[in-house]
């Protein structure tokens, strides 16, 4: 019997960085969290404790801050590609670099319709993500929205499903649909303006969610994916993770009252969890 | 030696409730969390296990959902007062009812400038809070903003402080100021339109934060409080809890680079914590 | 109208510190989080932005680490008193120092009954807390247990309570009682061996919880307090915050099955919240 | 261009369940969280909103509680297999059932060495996990430990690594090693007594961690894996996710003091993240 090292990787996670980008008339604040992960020839580090091929995760952290000065000037997608190139170019023992970036969304304050030049308020749970997988053969770029919490109060039903001995759920022709979704998509190639494209894709996702006559979460998931693939040739495939945020009708009958789809228990657990990838064939 | 029961209270927390309010042309979604707490003559429950004076917390929960049907139609302040009255009126053994309400801020989706009639996106970490303390003698109403995360990239300094043997902090003429603040205020009396007043107070707080030439968190805290008390006669006093969200200059000197107030470590712990109440005398 | 600064304080929270204490035969690991808060004459800092009386929170942090070297050698209570004295002695503008300390409980690993000299495993959610309030007049020392999650599967009932139009809860002669409690007590004076006393009080609390024939959470709360005050003359008063961790009987009747107090839904929200202080008169 | 549905799944997560198992002399409390996920022929649910093949996630939840009564009597591994069989046997449209189970570790209270028959205290952050992947072809069973927080105060070094222009980390011949690890392993076949085997594997992991002269996290990871594969023929492969919980030496030099590996900053972010799988070849 031989014991061997199989798939392995290491890196630094949660490198929390903010940057002020100064324009003549206003400041931008950009706040991100970066994850760096390397794969490569690290076998003797594991088997013999030989660190000669190990770039310390502390150095990865320093590198991210140092490169941010000159190279984090526009989209997180572009900054991530710079980081991936840096680590691959300078580390021959490395075969694959993964960079994950999460951007927190600060919103510029506005007073009487005038944007403030340097003051910001938290932009919600929603984050913009980017992922780079860079090997000697090329790179794969993905982008996504994390923790996008959305809700519609009608145009959502759930009927016609299997009934068995453990069924108690009542069919609903009109219910609240809410999900805190993670959506990510892979680009065919690196787009010219990743930030603008991200905003357009986000807008399309919200529009489909709002307009769709939903017969189930799966039904809406597919419609959202289909519209992205039809509308954006730059997108190769798109993946949805859609945990239900249940709003359950509260039973008012014991109190002699009727609940006409008005009052709900908002509950986090347990939750339905629907995932799916939509692509071209 | 006699052992005695001192101050005590009980209730139900985190009663998570959502409600659809249907207007002819659009739906509203309101999502709140309610805490109910009672004080009164509960001594024998503690000392003898006699529950004759105990309204179960499960019943409090049912009551909140049941009353939400007809009485949660406008502000959380008004709904909270309804709840407080109900519990006080129906429970002679109770001397004080506290109701705490937290409203999550859903934002209506807009497409091409047109508000969607029934679709919403998460409105950020920020919550609108209300608090009612109702006794046989009267009620005290407070409102507030919880988890308001704000940031300014300039017009903030911190200089001229005490230096001692443990000082390493460098004076800063220009720094990032960010805080995830909880702000609450007590009303002189129940206002006519608590929602509109809340929005006006919120706007004033943000404006002061943005415009203030800050010499410290304390300095900005007081300025924010002063402007509220000057601008809103309905507010009796206002209390701020302002934890710093530090953005610390990353030291690029070891790499032969200069950091011109550009690249920062965003860090959660440890954090400065500044609190203060501003009132009239 | 004069606007004035009312009660205010500032400090540094979440100063996360660990220390290795080396004994001839074994190491101790101590991991704590420290909060420092000062009250005093800080009015001009607020009203004029004058920082001449402000000890920066960054310096507080440095001070905690520096003093930990020589003074954090035994209990957190003793270390906290050292810190409080330091800040009060060196800052004439300060009238009150509050120090809060939270200790995470590492458990020494054991193999075949032999304690390992330097390896540890996480000791649970439970934390040991200490609080010092130091003024020019003297100090108040408290200690406590935070996030003590306990459960008993029987000897707990809840019956004989008020029934009204919103009651649906069924009386229970035998139910699960579980709470994630925060318990803190004030000492009459600084005890000689705070760590040993803490362990004895903790043991007594658990014993009462286990042995008590509980007729309600309130009933058990008082019994626990009463036993501490009877058993420990060093304790002046003790305060309990006991949020219910509900385990709700799952209704198996729709499936033609009986639930003989066997299968429960474990749920976090909403939760009953019972608080009380027990003291001597 | 044809848009198509790719990999997809759905189910219910966080089905939180507790059970009292009554023995003549004592009670057991078992608290678990169950995730159910199905793959199969769900295309028309996505493309047409046809729910005829959809077993509602609410029914999955009911099923877990109902089956818990008779089949959750021993290990979570055995209960999970029962659940997987049930869903596969009763749903011809399903090709794969995944069941994930997480058990919270309640520890029985002891007083003067005597175990209490029905009282328990929280057993730490650590959870016991099991995973079942059941298809028409067979099943794969895995088990694991989640959030196992361990620390050693010595016998850990990190030296001899790559130095480059962004290196500031100092080599350490003696440092704290701490990690909050997730460890999971795949069984060759279903073991006879999964609970006992789990405890033996856990003990072996801790022993290796404690005894190993660590030259890096990778070095310790491999040693832990190697010892499991050597000691337990039932284990096919084992995977480690080992985020560093950094304890960073605090710099006392500015205060004229020396830090002889005594006082550390305990910090959560950023963190090193080391992963690896060890198997047989």
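Labels for the chains are A, B, C and D, by order of writing; each one numbers its residues from 1.
Keep in mind that, in the parts below, a residue touches a chain if its C-beta (ideal position, glycine included) is under 8 Å from a C-beta of that chain, and two chains touch if they have at least 3 such contacts.
Given the structure is predicted, the values throughout are model-derived calculations rather than measurements.
For the touching copies chain B and chain D, the fraction of interface residue numbers used by both exceeds half; the interface is of the same-residue type.
Set against the Cα centre of chain C, the chain with the most distant centre is A.
We define each chain's centre as the mean of its Cα atoms; on that basis chain B and chain C are separated by 24 Å.
Centre-to-centre separation of chain A and chain C, using mean CA positions: 37 Å.
Rounded to whole angstrom units, the spacing between the C-alpha centres of chain C and chain D is 29. Among the residues of chain A, those touching two or more other chains are numbered 16, 62, 66, 166, 168, 254-255, 267-269.
Of all residues in chain D, only 165-166, 168, 254-255, 267-269 touch chain B in the complex they form.
Against chain D, the residues of chain A that register as touching in their complex are 1-16, 35, 37, 42, 45-59, 61-63, 66, 90-91, 158-162, 164, 166-169, 214-219, 221-222, 225-226, 229-230, 237, 243-244, 268-281. Listing the residues of chain A that touch chain B in their complex gives 16-20, 27, 29, 31, 62, 65-66, 68-69, 106, 109, 111, 116, 118-126, 148-155, 176, 180, 203, 206-207, 209-210, 247, 250, 252, 254-255, 257, 259, 261-267.
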